[in-house]
Amino acid sequence: MSTALEKFKKYRKPGYYDKFDYHWTMSIDLDRCTGCEACVVACQAENNLPIVGEQQFAMRREIKWIRIERYWEGEYPDIKLQFIPMLCQHCDQAPCEIACPVFATYHNQDGLNTQVYNRCIGTRTCAVYCPYEVRFFNWFTYEWDEPLEQQLNPDVTVREKGVMEKCTFCIQRIRQAKDAAKDDSRRRVRDGEIKPACVQSCPTEAMVFGDLNDPDSQVSKMARNPRGYHVLEELNTTPSIVYLKRVHTDG
Amino acid sequence: MSNKINRRDFLKFVGAGTLGAGAGFLAADASKMTTEFLIPQVNLPEDYSPGIATWYHTVCTQCSAGCGISVRTREGRAKKIEGNPSHPVNQGRLCALGQAGLNVLYNPDRIKTPLLRDGERGSGSFSPISWDQALTTISGVLGTLKIQKKANNAYLLSGGVNGHLHELFALFMDQLGSKNYLQHEFSHPASLYAANKACFDEDVLPYYDIRNSKYLLSFGADYLGAWLSPVHHSVSYGHLRQGTEQRGRCVQVEARMSLSGANADEWIAARPGSEGMLALAMAHSIVEQGLYAGADAGDWKQALGAYSPASVAERSGISADRIVRIATEFAAASPSLAIGGGAAGASTNGTANLVAVNVLNYIGGNIGEAGGILFNPASTFSIDAPRPRASYQQMLKLFASLRGNDAEVLILHDTNPVFTLPAAANVKEAVMAVPYVIGMSSFMDETMALADIILPLDTYLEAWGDNIPDPGVGFAVASIAQPVVKRLYDTRSAGDIILALAHQIGGELPANMPWTSMENYLMEMWRSVYRGKSDDSSDQGFRKFWTSILESGVWGESPQQQDRPHQAMGRAMLSAVGMAQPSFAGNESEYRFVMQPYLSLAFHDGRGANLPWMQELPDPLTSIVYNSWVELNPKTAAELAIGEGDVLLVESTVGRFEAPAFIYEAIRPDVVAMPIGQGHGNYGRYASGRGSNPIEILAPETDSGSGGLAWSATRVKISKTGRRVHVIKTDGTTRDLGRNILGQKDGHA
Amino acid sequence: MSISVLEALAYFKKPALVVFGGVAGFVVGIWVNSTYFDDATPIQPIEFSHRIHAGENEIPCQYCHVYAARTPVAGVPSVEKCMGCHRSVATDKPEIIKVAQYFADRKPIPWIKVYDVPDFVHFTHKRHIKAGLECATCHGPVDTMDRITRQQPLRMPWCVDCHTSKEVENGRDCWTCHK
Amino acid sequence: MADYVEPTYAEVNQDVLRAMMETGPKYWATLGTSIAVAGICFFIPWFYQLEVGVGVAGMNRSAVWGTYLSNFIFWIGLSHSGTLLSAVLHITNSSWRKAIYRSAEAMTLFSLITAALFVMVHLGRVWFVHWTVPVPNQMGLWPNFRSPLMFDVMAITTYLTASSIFIYMGSVPDFAAVRDASTGLRRKLYTIFSFGWRGTAKEWHTLGWAYTFFAVLVIPLAVSVHSIVSWDFALSLVPGLHHTVFAPYFVTGAIFSGTAGIVTVMFLLRKYMNFERYIREIHLVNLGKLLVLLSLIWTYINIMEVFTTWFSGSSYELEALEWRLTGFYAPMFWEMVLFCAVVPLLILFKRIRTSWRSMLIISILINIGMISERFIIVATSQPRKFLPNAFGFYFPSAIEISITIGSFAVFTTLFLIFVKWVPAVSLYEVKETLKPLRRSR
């Protein structure tokens, strides 16, 4: 009986944390973002996003972990367009995390909202619960026309049909940076050492990624910017992405 | 029935047991993992570690900007392209199209072996041949021409190559005895070069210092989208906006809101072709207000007299007050910068428009100032032959001579004029008129399909080369392109082909072009660059230098202030200034709309259309994928009862095509716009048979100042065909419905 | 007529026996397959003996598996490396002649993987070796094996148990190993 | 009805057991058709979907839940009939239930099974569905007990187990009756099924006690099951789903559609199994009254839902509501209102209440309304959540429609098999309602 109890206790129970080890956070300055979509392709290249094809696109089944949303304001000729990059917000109180019956998505010690592909059974509840609509389902096992598959990143799983996927903040890059930090006998990863693919590619440097636990990190400074806000703040999901609102000048 | 177990029952039991055992065995077998292999290297390459990425620096050639790129490779395969952080053009960043270079390399539709035409000319039917065969045939043809002293009947039409490959082309044609070497690129801003030549007497473009500017006034130039060097401009734009305490302001003057227009603080929907007049009216206003203090103020007052804001207001559709306000802001901001291009440079008065923009900069005091217009050094290093980039007029001349009786051979390198020139230019017929057409390309396209023989090229990720970014960044820069992966197929680089041909043609060619390969040629050329720049001329010193530029991917010299005589410039501008009204093909009553095609962010001039990532990239302004579309103002659409997806018949005076309508909120009601890039007939599985090509129906109007194609000078009429298609896009609703998404509203939605 | 359940059940004794036979056979089949036909000891294209190399000649593991301490994968030596010694050592042995033939043909030797984790697992030799683990901890007494036999099932509980008992930092976070 | 003659005990046995044991060609034809439809419309498309991927359904990025899930709710809802009639009416001693409760319970069981099948059809990787079962496993992972889907797994398995035992237990004396009326293999089987039931007083007493116990147990289970199903939706933030009223809303809807379902099944049993003497007008009338009551409650809750949505003043909720009431699926919404709120009021007329045919039509209309309700919940809320730029649209694909149709055949098949294995009318309870004097004629 005691062994059973011990085993019971050993079963890992991912859950909430008092303080994250690292608190990975991204800030996106909408005043810099030009909507050029470089991040969209960077993500596609880095994370083995499938080429779904015209027909699937027409059915609105595109898989873009990061996308640019557009919002118009006004009427011609006084019309303005605003872009906002939308990706997984890695909410600290994520609605998706309570949804998954098998812990394929949960919060880890680094403040990341994880998605474990090989654990996913495809209930798709997380995508329904997600207010930001940044979870994407593999409706099919997508294939790459030869030899396009040679491009696939070996550090990222190629997902099969029936699995949910989403932005991971480029976990493979985080893992690599931590690995490098360990090699140098450093305890912590340096600020700026990790750049997710989208952040790396951004031509206007609108995106900054780093550890919010470190008050001196660039992202912490950005997060303290008075222009900072969270999208759909009133839903109280406490996202890990801080947007800096666009500056509007009259004229 | 007895309950005793008899022999029969026992046999049943044993039978069931055997069956079960068999099933169990098979089940266990099926659950085993498949056999995987561990394949070692035979010989170990020196820079190879399994499981660890190796990065190589090279140059992006997806557009002419010349960004430096770093390619991540694992186990000998290219995995990701990122910007080269030490490259001054893109500073570690890269645009969408540049990152999709992997789709070029690993494109399933690449030409894999040399091809020989085996059907009717132009039928697109080819059969593979060997390189030996191909090169022998071609060198035979060219050699015969040379011997017969008819080599001037050979023509080389290349895409916009740059650096030493261009030099090699020039040398080869020269050695062959032909003067007919031209480069064609749709996006080549001929009017911008002409305007700058007129104002600054320079053949290279100046450096627009957006980064340090505080007021960026753009006349039609989509500097964040596809104009000149978008990544460099974007990096600068980021700094302009939030890099310093004082946020720079951006104003965009254009008839159809481009990506830059969408990001500007103010968008001014001026009439197409009236941009120059607006610039002059602003200059007028600045001079009138006494905000210009130059010695030649009096001359300017006179020269600009005809362009008072009031008089321009009607012609441009922009109120005089607004012109004066912008002018005042422009003059007050320091430093400020006006740039012009795109549609403004592509009307019949394109060069005059861009001269007017330069005048505005001059009056605003921005020339030679940080945050204004800076000058590039005349040439980075001694490249003797200027790039023979053809304007539309020159292309027409070329086609005329191709149609003539003398033309014998046409070599096409990496260019697709059938697609990127209007149908009115009759490119196809001109190419078909040449007896022998040699194609060099990585992909089959509309022009290559007309060739007699096709030599498959390495992609830029497999070839050696170099590149001098144009426009430059204010100081001498060049980048080296090196192969990042082994060749996938039996392809060769253009340089290697030219050198091999030179050797086979014989005569004095092998002696004058002694290099064994493009790599060898490039090294020798750079050796001379090194000798010219360094005191140490030892081979060891050069090897070190060469390794260092391969490792960093870029070579540059420290910036030097480039000064230009101000007064002469003012005089040149005074004489150059003058505006003609733009003219458009087609009368206004019948052809109601001015058509503005624009370079698509994903496909550039159409070359990106065969990249699946680009086909799946939502257009930044409309979010449409996989198709082309015609943009209409909502008012126009309502008036004509056109809804999204209604297939429209678009007719110009010279042609017509069909395309679905898209209601675009930020476009003048008298303008329709359409992205360039789709409408390929023969460009691989991802591009062929998708959408339509707006270039096709452009009237052959040219810019009077430069002879460039005035692609914004065609009027069209549109009518509904009655069919309707589903426009594939990612956008749902494009209004925020008052929700707290953009952070502009306080509190609960 | 009786209504005894037992009597009724007795009627189904024989069919039940047959079903039982089938089920028992199934279990036996699985057992036979995984005991006698398991793929833990694949036959390699060349009968390379770790016993001779690592055992008798005491060549250290990382002499051939050079990447183990540096990269995620341990790596197998290039054919060139084999030939480095075998140009002069034991050149007459039939297996060595095979190796030489591969080298002469510029062909890699298609070794069969003994230890293989699924594609969704991120495993790195480097970290494990830097953490001070002996090769033998997972790979067993390689120096006594002629043919390598897989010592561990490479199943998740085996990984997790070790991570738990050694209190690996974040050792039980899914994203430490799953990618 | 005046000429109605109560059957004798022997006649009860005769009638019911004949219906069970004598199988005509009509039955085989019906069963064959039903199996064929289930195979062609349900299982073949499903296997195709398993092979190719869930993409063969019409779901998309903005609506990842579709018809499969709305059908799941519908079938779970239908399952509430048995419990209500059997358990609630048993406890309240409503003797009119006795002729129909067996088939009602069977409906419960089979619609639960169909609902569970829809979960399987819905899942992306159904081959890993066992990961939701909290047993020790090689990954050393529990399922996530915070997940409403886990509540679902628990609730449905518990409910399925409990209602299986409930129906089985109630059938034991009838199995004995079958045993006694048959010979050979069937007799042997039913000897085992009936656990050697002899009909002693002690046995009857134990049965009665246990039956009441299960009746009491099963009622909260039934309520909880549908409440929990509603939490799958209500625990999300999705406008239009994130409502506290959802649990009673779902439970009422479930009982409503279940009761209507019983009327339909009753009609069919009566007609095709010749149970006219057992399933009588009183059942129809009583169920009719129940339907009216449920319809009124349903209408009330619907009004409350709309009201609270409006009262919230939240733009998300208001826009979701507006789209529901006026958008693409608005005709479906108003059809639902018509069928579920207006049509049942016709039952207030006695002529309609007592007419088998009109009650059949009304009961079918109610279930059409209810299936629409579930579809509307799934299809109008999700595609229009928070970010307008991600607004989408959902329309089921041919595969989804086919599987939906096929699910009715699956249910019918199970029911047809059931009526040949278990007396569809409870023999002993019907006998209890007969006048003791009329033991023989």
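We call the chains A, B, C and D, going by the order they appear; numbering starts again at 1 in every chain.
Keep in mind that, in the parts below, a contact is a pair of C-beta atoms (placed from the backbone, for glycine too) under 8 Å apart; a residue touches a chain by one contact, two chains touch by 3 or more.
These numbers were taken from a predicted model, which means no experiment stands behind them.
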item: Chains most often in contact, by C-beta pairs; value: A-B
item: Most distant chain from chain B by Cα centroid; value: D
item: By mean Cα position, the chain sitting nearest the middle; value: A
item: Where chain A and chain D are represented by their mean Cα positions, the distance between them in whole Å; value: 42
item: Rounded Å distance, chain A centre to chain B centre (Cα mean); value: 31
item: Inter-centroid spacing, chain D versus chain C (mean Cα positions, whole Å); value: 51
item: Residues of chain B engaged with two or more neighbouring chains; value: 731, 734-736, 739, 741, 748-749
item: Of all residues in chain A, the ones touching two or more other chains; value: 10, 12, 60, 62, 69-71, 103, 106, 119, 231-232
item: Chain D: positions in contact with at least two other chains; value: 62, 139-140, 386-390, 392
item: Touch-based graph of the chains, sorted into line, ring, star, complete or other; value: complete
item: Touching residues (chain side chain C, partner chain A) in the complex; value: 118-120, 122, 124, 126-127, 130, 160, 164, 170, 172-176, 178-179
item: Interface residues, chain A side, partner chain B - complex; value: 29-32, 34-38, 40-42, 44-46, 51-52, 54, 57-58, 60, 62, 64, 67-73, 75-77, 79-84, 145-148, 150-154, 197, 200-206, 227, 229, 231-234, 243, 245-249, 251
item: Of all residues in chain A, those that touch chain C in their complex; value: 10, 12, 14, 21, 103, 106, 108-110, 112, 114, 116-119, 155-158, 168, 171-172, 175, 179, 182-183
item: List of chain B residues in touch with chain C within their complex; value: 1, 3, 5, 9, 12-29, 32-33, 35-44, 49-52
item: List of chain B residues in touch with chain A within their complex; value: 74-75, 77-83, 90, 92-96, 99-100, 102-103, 105-108, 224-225, 230-231, 234-235, 237-238, 241-242, 247, 249, 257, 259-260, 262-263, 265-267, 269, 325, 329, 488, 601-602, 612-613, 615-618, 620-621, 623, 625-626, 633-635, 665-667, 669, 685, 726, 728, 730-731, 734-736, 739-744, 747-749
